[in-house]
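Below: one structure in structure tokens.
Read from first to last, the chains carry the letters A, B and C; within each, the first residue is number 1.
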Amino acid sequence: MVAVRGGSTTPRRLPGVEGVWVFVAADMSFFALLFVSFMLGRQDAVEVYEASRQTLDVNFGGINTLILLTSSWLVVLAVEAVKRNELKNVPHLIAGAFLLGAAFKVSKALEYGGKIKAGITMLSNDFYMYYFTLTGIHLLHVFGGNILLIVLWNKARARQFTKDNCVVLECGATYWHMVDLLWIVLFPLLYLLR
Amino acid sequence: MNTNTPAVDYGTWKMLAWTGPVFFIGFFIMWGLLADNFPPMAASTSAQDMWQHYKDLQTEITIGMSVCMVLGSCYMTFGAAVSRVMRRIEGQEGMLANVEMMGATITYCPIVVACGIWLTCAIQIDTLSPDMAQFCYRLGWMIIDLAYMVTSWQIIAAAIVFLRDKREKKLVPAWVSWWGFVTVASFFPVSLIPFFETGPFAFNGMFNFWIAFPTWYVWIVSMSIFIIKAVGRIEIEDGAAQPKETAVRGGSAVASH
Amino acid sequence: MNTAMTRHITTMVWLFLMAATIATTWWLSKDGFSPIVGTVAIFAIAAFKVRLVLLHFMELKHAPLPWRLIFEAWVLLATAAIVGIYLSTTPVAVA
């Protein structure tokens, strides 16, 4: 298939392998169902949800969004650099993405710590159940992504990625962008929706 | 064919592969429909209502669970068939084929224990207190659900090996392997079931029942289908059988072997 | 498309995403906006951000159309469901 508009003749293609996209689509659907579940739960107990929401610190949520967006951006730059065969900076870009992922986890630990110190857990009420479980499941994805970024970093340092051999990098990038994308929705859902 | 290597018993292999469908069809009917676990009774049901559930469905649960305890073993035999296909890809020294077989075999354990508990609850219901009925029902769910990691190892091992298949047309298509990763991902939130009696993470909840179980089920069904096909394809690769088209055209291909 | 331009677009997208995040987090969420206006605007922006990530970061812009449509549909459905349920929920009485 060839893109007609704009006169571009680049064939349309999906980055990485199709399987990753099957995984990403399924994972995103699970999250979408949980978003709906959260909204329906909220419908039955607006006061509780709103009062609990106000105890969350939007600074954490906002800064975490900025962290993940930047991390994602570095990964895009890494993929683009590989495609130009400019391999020198690729490991640095991936390392930067990894460090930002780690920063997200530190920030999350601080945030969870504060809540737990205040005696709030996922058992406190339904809002906090969603808050802890949704962010927790998302955090597991961040852990998975960070492990992936270490693998990609090692491969990049070994100069294993080239213009014609970057499927693994593209797969990892696709997953990491999904983690970013889910947080873009999760953050307003839990912290800002009033 | 090399006469030094023992002949492969394709008949037994195919039979074992067919125990996959026996498992998923049998379980759906006996566990899901007959014993009324589909959809399951809510985790938040009162002890009295749980007792009544077992009282009302005593015969159905007794039959359903005792059949399931027998049928559950088919997950092991299915796992053995999968393991052999994996061995063809990763070679004799491969470890993941072992992990897959162990994973499938041990998956049977929580199934048989949980079904045994639900069975005993049903046959004893007249002498059990409502609290005991509730205890039994929840005990079964905790065991069957929280054993998910052993099944995850099975699924991960299979996914990795089948993705490494170098055949132009893989024995098991890549999407089945990737669906395996989806299944494993959907299992992790199951760890939340001890904490919630309501909501998506209760054992009857939107996520931990309606997503985690059907996702796994789809994996079992698709894996079964492709394993049955794979055994047939391996038989052809080995030269022990001919592709259907060749068979029609004539037997000359056999002579060359 | 030349590569310098691609690089340029990626960075522009990132800058926009950062700016949009700052606007929603520290401005639109404040009490100066009524909850309904603020919330709907925040989700419209979130949907747009997700779409930018899908199209530019995940390269769906150059993917086969069915794949692109599946993910565009996700954005549409998820946003519609969240905003729809939000609007049909009786808001908290301001007392």
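Definition applied: a contact is a pair of C-beta atoms (placed from the backbone, for glycine too) under 8 Å apart; a residue touches a chain by one contact, two chains touch by 3 or more.
Here the structure is a predicted model, which means the values were calculated and not measured.
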Most extensive contact between chains (C-beta pair count): A-C
Chain with minimal offset from the mean of all protein Cα atoms: A
Subunit A and subunit B, separation of their C-alpha mean positions in angstrom: 31
Whole-Å gap between the CA centroids of subunit B and subunit C: 40
Approximate Å spacing (C-alpha centroids) for the pair subunit A, subunit C: 14
Interface hub residues of subunit A, defined as touching at least two other chains: none
Subunit B-touching residues of subunit A, taken from the complex the two chains share: 17-20, 22-23, 26-27, 30, 33-34, 37, 41, 122-123, 126, 129, 133, 137, 140
Residue numbers on subunit B that touch subunit A, as the complex places them: 163, 174-175, 177-179, 181-182, 185-186, 188-189, 192, 195-196, 199-201, 206-207, 211, 215
Interfacial residue positions of subunit C with respect to subunit A in the complex: 1, 3, 6-7, 10-11, 14, 17-18, 21-22, 24-26, 28-29, 35, 38-39, 42-43, 46, 49-50, 53-54, 56-59, 62-65, 67, 70-71, 74, 77-78, 81-82, 85-86, 88-92
Interface residues, subunit A side, partner subunit C - complex: 1, 3, 8, 10, 12-15, 21, 25, 28-29, 32, 35-36, 39-40, 42-43, 46-47, 50, 58-59, 61-62, 65-66, 69-70, 72-73, 75-77, 80, 83-84, 173-174, 177-178, 180-181, 184-185, 187-189, 191-194
